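What follows is subunit A paired twice: with subunit B in the first complex and subunit C in the second.
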Partner chain A sequence: MEHPILFISVILNWIGLPVPHGPIGGTLLEKLTEPYLTYSWLIMAFLFVVPKLTLGKLELVPGTGQNFWEALIGGLMDFFIEHMGREKARMLFPVLATFFIYIVLANMIGLLPGFMSPTSSLNITVAMTLIVWLLHHILGFRYHGWKYYKHFTGPIAVMAPFMIILELIGNFARLVSLSMRLFGNILAKEILLGVLFMLVGAIFAPLPILCLGVLVSLIQAVVFVLLSVIYCVGAMEHAH
Partner chain B sequence: MPRRRAIKLSQSNRERKEEKGILSDLANYSQSGMTFALSVVIGFGMGWYLDNKVFGGRTAPWLSFLFLGFGIAAGFKHLWDLSRRIAKDDD
Partner chain C sequence: MDKISLALVCFSAATSIGLTGFAAALGMGRGVESACNGIARNPEAKGAITTTMILGMALIESIAIYGLVIAFILLFANPYKAALIGG
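Right, the complex of A and B next:
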């Protein structure tokens, strides 16, 4: 399969920076110019610059730009309040909303030709999953102190060593499945689009897949954030 | 007029609840199959690692089998937790 053209890599090559040909570069500089990293930075820059441009000064009567962001942030806040209550939603809002907006954008950018989804690299999804995984255990310890171990031992004392092994396996499964689902769905979308464009791009065959891609991007972002919410709520509530 | 408004409000509340149900069901169920399968695989992987790397093959197949059982049990425990959480959400 011919390698897809990625604009940032082409520009970096033109400037004279080395761009790795395989998935992982050899030197440090090559590692820094891997496509999934450069596109991740592009999205971060986009998220820094575009709200600044569209928001301008905050006004009491919102204009079009401010209206959009207010609807997005307000909608997300309502969504979190429904699932975890007002107080916890306010506490966790910055992390979860950042994840949601970043993942939506990272999934969607792959639909444009010449761009790739950073989330189609396992490195990015594992990093995000590790943050969520550490976060929900830290929240558990913060809410319950050392008694948080009761979440892992189950109700019966005799069964405790057995239950700890089960919980250990379950926690690893959580970590792997959360990252693999996002990664797998987005990579599948990317590969399918790439192949269809190459084979039958001239007769608009990828169009239905593009529509499905929009749907998958949104659903995967919602599912990722919702599962993070479920894990955090589970860690914060009392052991049964 | 107030009564009609109340009916309308309760309707929109129910709609919202249904919406929440669809999204959280999607998250729960799309994750559960994968978690079940991965629990089994990870359990077996831990047993294999203990057998071949930690104990150097002396306990050869036994720890793998034991941890495979643990993995299957962890998968069922995940399903058990999931069904209990859903039952709790419903009432």
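Right, the complex of A and C next:
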């Protein structure tokens, strides 16, 4: 496949650092200069610096920057309260809101030429999915103790040996589906953009796909966070 | 790689995304149809219906995404690459 030009990799190359060409670098330095990692760090830096600049001193009458963050945080909080109730939403808000903002930005940055989406690498999405998956098991254990594992056996005692296999497969499938969905959507968008640009880039053929990409980026972020919310709520609620 | 294996790899990649896309589109169409009916009958339930619909869409769509991932694996990261090139 044609290798796209990535600004950070070009700059790193120019400084003299090695930039790996495969999906996994050999040495530690090559692993650290992987494009998906460098772009992930770029997003993290952006998310540190921009709120610091816009929210440096809070004002009673908010300006444009503060207004944006207030609308975003307030909207997310309303969304979580609607699905989990106020206390649980307050407890889980830092994790899930961070995921949402990071995923939206990570998806959107791939629409700029010379940048790539970190979420189009399976490493990033599997890492995020593992966090969510472990989180919902930890929450379930904290709320119900050992009884949490009893709901894997289903309601009928006779059927328990069969139900536990089904439930375990269903639970591990969450790992695959949650990570593969985000990864596949974003990778498909990137490859589609690349192919269209190579074939008919001169007549702005990728333009409709760019508009679609904005929509897909938002929807996939919402879906990831919504599914995380539903897994966590399912683990925390009382067993029937 | 001989021509027949190359053709088979390309054909199976196209088939995997084609068939899953076909089935997922049928399912999603039925879902949207029912959601539109529900909103038309009971406009107050729009919020709940929309959330449920998007969630269901995402779950159905993941099937199509699996097909897409398999197509990508066949084309760009084929596990039998060495055997195909050697044979």
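The working rule: the second predicted complex is superposed on the first by the 239 of 240 C-alpha atoms of A that agree within 3 Å, B and C clash if a C-alpha of one lies under 4 Å from a C-alpha of the other, contacts with A are read in each partner's own complex, and residues count from 1 in each chain.
Basically, a residue touches a chain if its C-beta (ideal position, glycine included) is under 8 Å from a C-beta of that chain, and two chains touch if they have at least 3 such contacts.
This structure is a prediction, so every number in the text was calculated from the model and none was measured.
For the composite obtained by overlaying on subunit A, subunit B and subunit C cannot both be accommodated without a clash. By the touch criterion defined above, A:Met180 lies against subunit B and subunit C together after alignment on the C-alpha atoms of chain A. When the shared chain is aligned, subunit B and subunit C each come close enough to touch A:Ile230.
Taking subunit A as the reference chain, the count of touched residues is higher for B when subunit B and subunit C are set side by side. In the superposed model, A:Val61 lies in contact with neither subunit B nor subunit C. When the two complexes are overlaid on their common chain A, residue A:Val222 makes contact with subunit B and with subunit C alike.
In the superposition on chain A, A:Ala188 makes contact with subunit C only, while subunit B stays out of contact range. In the superposition on chain A, A:Ile169 makes contact with subunit B only, not with subunit C.
Looking at subunit A, you'll find residues 177, 180-181, 219, 222-223, 226-227, 230 touch subunit B in one structure and subunit C in the other.
Across the complex, subunit A meets subunit B through its residues 82-83, 162, 165-167, 169-170, 172-174, 176-178, 180-181, 219, 222-223, 226-227, 230, 234. Residues 51, 54-55, 58-59, 61-62, 65-66, 68-69, 72, 76 of subunit C are the ones that touch subunit A when the two sit in their complex. Residues 1, 177, 180-181, 183-185, 187-188, 191, 219, 222-223, 226-227, 230 of subunit A touch subunit C in their complex.
By the touch criterion stated above, subunit B contacts subunit A in their complex at residues 16, 20, 23-24, 26-28, 30-31, 34-35, 38-39, 42-43, 46, 67, 70-71, 73-75, 77-78, 85.
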